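Scrolling down, you'll hit the structures one after another.
Shared between the two complexes below is chain A, which pairs with chain B and chain C, respectively.
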Partner chain A sequence: MAHFTKAKSLHDWLNQRLAIDTLRRVLATEYWIPKNINFLWAMGMVLAITFALLLVSGIFLLMYYQPNVDLAFDSVNYTIMQEVGYGWLWRHIHGVAASVVFLIIYIHMFTGIYYGSYKKGREMIWISGMLLFVAFSAEAFSGYMLPWGQMSYWAGMVITNLFSMGGLQLDGLVEWIRGDYIPAQAFLNRFFMLHVLLIPLAIIGLIVLHFGALRIPHVNNQDGEEIDFEAEAAKYKAGNKKESKVIAFVNDFMSKDMMVVSIYLIFFFYLVFYHYDFAMDPVNFDPADGLKTPTHIYPEWYFLWSYEILRPFSTNVGLIAFAFAQVIFFLLPFLDRSPNAVPASRRGLFKYWFWAMLIDMIILTGMGKLPPEGIFSTIGLYAALLFIGLWIVLPFITKFEKKV
Partner chain B sequence: MKELLILAVVTFFTLVTYYLVEPFAHSQMHKHFESDGFAYKDLPAVTKKGDASRGKDLVSACIGCHGIEVAGFQAPMDAVSAAATFGVNPPDLSNAGVVFDEKFLANLIKNPAHALMVEHKFDPAKGQMHPMSEYYATGDDKEQEVADIVAYLRSIAVKQEELTPKMAFETACGRCHAVNYGNWTQIGEKPKFKKKQDELAFETQLLDYQDYLAKYMGTLPPDLSMYIRSRGEHYIETFIENPQNYLKGTAMPRVGVSAESAEKVIEHLKDVGDSKRHERETVGKYVMIYMLIFAIFAILWKKEVWRDLH
Partner chain C sequence: MKNSSRRGFMGKAFGAVAGVGAVASLYAMKRSWDPLPSVKAAGFTTLDMTAYKENELVVEKWRGKPIFVLKHSKEMIDTLDENKSQITGESLGEIDKKRLVKIGNDYFMVTIGLCTHLGCIPGYNPDEKSFLCACHGGLYDDTGMVTKSPPPRGLDIPPFRIDGMKLVLGEEGPEYKKMKETGITL
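Right, the complex of A and B next:
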């Protein structure tokens, strides 16, 4: 057993037992971040803050929400929105944050792709990040079921139907997932459990893994420069902060993060109070009705691109394309054969690949919401084919990339 | 400056995506109609000047079916019996003169199915008579008599500024549409009951009424509690002005509210479906001010810390 002395202060008392000084040094004041970064490097903190907003608002909503098919809709739209003090505020924060968190995730992902931050030892950062994306997607989908409106019900119907795997006709699997032949009480209960317990636990675990994965390879920088962190840290500690290529996580990096966060929060709360409709589909303000299919069924905007990869093909081909779209991003670090871990602008054909992928996904997103008719359907088909094609050519164009 | 360029690129792609999934997608998915300001241009104008005192005698033609409570005429039947007879409970006319448009009222009295735009449902040639019969003049100037009745109804109604959103809604919409969040049923406000028997009796009446109504309309008209969020103000306004716009062949009649009353009906839907909107505006303002101040301090802190780093 360690030797304990009579503490001189509360700080000392805690330090002897929890090593708080060491923790602070390792996690904050001597956790080194490159200096050559732009505001896109703050998206991690923006995501952490948004997740905190989701968690806190979710806890408040949980106190009044009723996971019952007869009560759920009214508990959200009447009890929470109109009776509970500031219930409307928590709901709008929750709804808007659920949508905005995906915007930030996509910005964060494309930042990683642009700067090659998934290469040279940073593969696990990318993979854990993709796992987080999947977990957030499941969290968003399960949460969307809870108000038990028309879109909850029919999106639940359509998406769980995918698990019949088209021609395989695994209807038993669909029933097992739903706990019933159609989305009903058992379905609502299990998605409630997933939304408030299992998936949030997974998300928190994955966030820890994602942070942990950063530790050894360190954060990338704007020019993909390889930095000798120990040498640069030594300069910093010796007082040569200006020459050093690194900064401390606290307060240096944190102060820049908080500046970005503060500007982000102005945008966020503007949406919460004045422009929340985009995040809360009008159709979902009609109570669920299993006898009345809405004219248009579409997922929330952040799923539209993969929905559009599913839609233009026949059932089986569509499902295969959809499955491809779901897993292919995980493989990015291995499909990119180039040794260059530098910004896309310095990477030959990959530069064009990056912008083509970004624009293609935006086109898919736009077409995914529109009715699959006429010109929109054709554009969607070609955009989906382009998406698949871009991934197929990726290993070839990167293999022949010149070393910089 | 490089950061601003990056911000511009991120903002650009975000806005393009937003445009595609919101304004553009909705413009492609939904029909759009503009309001005519409740002018009811298809109906001929009233040419005669009405005389309320003559109209007072002529309304005897109305009170066989309608109550006019302010004038002391009780409805001849209770709501359920009326619905059993007519399909829907005819409205009490106390405030009809203020809720409904003057020109519309005159045309309604002359030819109900035409003014209500339900001629596809009620074709006398096929023996489908509208439950409200056309007005048969007692003398030989029908136009004048109709104008007199309208003048009388306008004279007994409350003034426009005394008409509350709730009153407007109940007269114009409330006999077909329930509003659960406003405690409103098709047979009136649901009272608090001391005895379970009374409550069950009320609910039995309501269910009977709803059955007759559903038979009359083809389906039970929806509860409107959340319509302000599910349909939005513009849709509701242009829908009540002419339901055939969006739903060709719908059994819902054009109810003929005046522009001012339409505003009040929508106000009532906001009161029941978005009752915290005023609080949202107030709190929003304070939160935005707080966030701006927070941002100023955050920027100052960053500048302070990074002074040593550059």
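Right, the complex of A and C next:
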């Protein structure tokens, strides 16, 4: 048995039993972050804070929400919104955060792509991040079912129908997923379970993996410079903070991180209090009705780009294109054949690839919202083809990229 | 050496037991996700076909989906018979009547009331004797055939079995199987 002495303080008592000093050193005061970074490096913390907001607001919503097809709609739109004190606050935080979290995820992703932060030992950061993106997508979709409005119902119908795999006609699989022939009680109950337990558990596990993946390769920096973290940390610890290229995660980096978080939270609560309606589709304020389809069925803005890749093609081709769009980002570290882990601006053709991809995804998002008619349909088709084309040329343009 | 082989055996034995347990629990989990027997039992709807009026669309419900039932009048059948294909000269009525369900001496259109394009519910116009889908302008005739795209095919026909003057939806009778074989419905 380990040797314990009479504790001199509560701190000492805990330290003997939990090694809190060592923990703090390893996780915070001696976890090194490069100095040469900008505000885009704070998006990880912004995401962590947004996830916390989702978790806390979700806990309060869970106290009054009823996962029952007859009661769900009123439990949200009447009980939580009208009766529960400040119930509207939790709902609006939850709805706005669910939408904004995807905006930050996309910024976080494109920052990583721009600075090449998925290469040279950082592949697992990218892959765990993409797994988080998938888990958040599933979380967003399952949560969208719960108010049991018209958009909940018909989005549930259309998305689960995708599992019939078009020409394969796997109706049995669709019925198995739903637990019924149509989205009904069994469907609402199981998506409720997924939304409040299974997927959040997976998300928390993946966040731990994502942070862990960061530990050995460390955070990238604005110039893609390879930093000798041990040597730089030694300088810092010797008091030579000015010359060292790194700073401690706590308090140095965190103070700047929280500055960005503060600005973000002002923007976030501005949305919650004055513009929450952007995250609430008016169609979803009609209760679910299996005998009446809304005129236009479209997903929330953050799924529009992949929806638009599905839409312009015939059923089977569309599904293949859609599946392609869902998995291709995972392969980015392997499709990028260049050894250069520097900002896109210094990478020749990749610079144009990056901006073309970003603009193409914005166009796809815009076209996905518009009805699939006339000119919009044509633009959508070409944007979808461009998306696929860009991924096909990526290995070739990066293979012939000059070494920086 | 002796110790390590014993450990190896214990490892393999544990692996085998755990493997069986894992497969068994996966099966249990799969079964728990299956539709309940009560849900499956509710998957059948019996319609009394004597209750319908001619050229009046009734929307029934089967497995949560809308079902169009339209009893054809004598003149509607005659109109079908009069239309002849301009290419083959064959009576269109003979082709279209294959989509109808004959019960006693009456013909009924019985289809799933979801547009085959994107799943909206078309509306019936009894004067024009046609179904218009407001979502994207698809048009169907009074047998559920497409007369104007975008729908890729006519309205789907639910599995049915004729039982005297009753129609059981959800069961596959010989008339339905024939429709499926001849490609009239999916």
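In this section, the second predicted complex is superposed on the first by the 404 of 404 C-alpha atoms of A that agree within 3 Å, B and C clash if a C-alpha of one lies under 4 Å from a C-alpha of the other, contacts with A are read in each partner's own complex, and residues count from 1 in each chain.
As a working rule, contacts are C-beta pairs under 8 Å (C-beta built on N, C-alpha and C of every residue); 3 or more make two chains touch, one makes a residue touch a chain.
Owing to the predicted nature of the structure, the values given are computational and were not obtained by experimental measurement.
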Looking at the overlay, what does A:R190 touch: chain B (first), chain C (second), both, or neither? second
Using the touch definition from the top, say if A:K399 reaches chain B (first), chain C (second), both or neither. neither
Name the contact category of A:I297: first (chain B only), second (chain C only), both, or neither. second
In the superposed arrangement, does A:K256 touch chain B (first), chain C (second), both or neither? first
Is the number of chain A residues in contact higher for chain B or for chain C? B
Examine A:M157 and indicate which partner it touches, taking first as chain B and second as chain C; both and neither are also allowed. second
Between chain B and chain C, whom does A:I182 touch in the aligned arrangement: first, second, both, or neither? second
Give one of first, second, both or neither to describe whether A:F269 is in contact with chain B, with chain C, with both, or with none. first
Do any residues of chain A touch both chain B and chain C, and if so, which are they? 295-296
Given the complex, residues on chain A that touch chain C span 157-158, 161, 169, 175-182, 184, 186, 190, 290-293, 295-297
Listed in rising order, the residues of chain B that touch chain A in the complex are 2-3, 6-7, 10, 13-14, 16-18, 20-22, 24-25, 28-29, 180-181, 225-226, 229-232, 273, 275-276, 279-281, 283-284, 287-288, 291-292, 294-295, 297-299, 301-302, 304-306, 308-310
Chain B-touching residues of chain A, taken from the complex the two chains share: 35, 38-40, 74, 77-78, 81-82, 86, 88-89, 92, 103, 107, 241-242, 247, 251-252, 255-256, 258-259, 261-263, 265-266, 269-270, 272-274, 278, 280, 282-286, 295-296, 301, 304, 358, 362, 365-366, 369-371, 376
Chain C contacts chain A in the complex at 33-36, 39, 43, 59, 61, 63-66, 114, 118-121, 134-135, 186
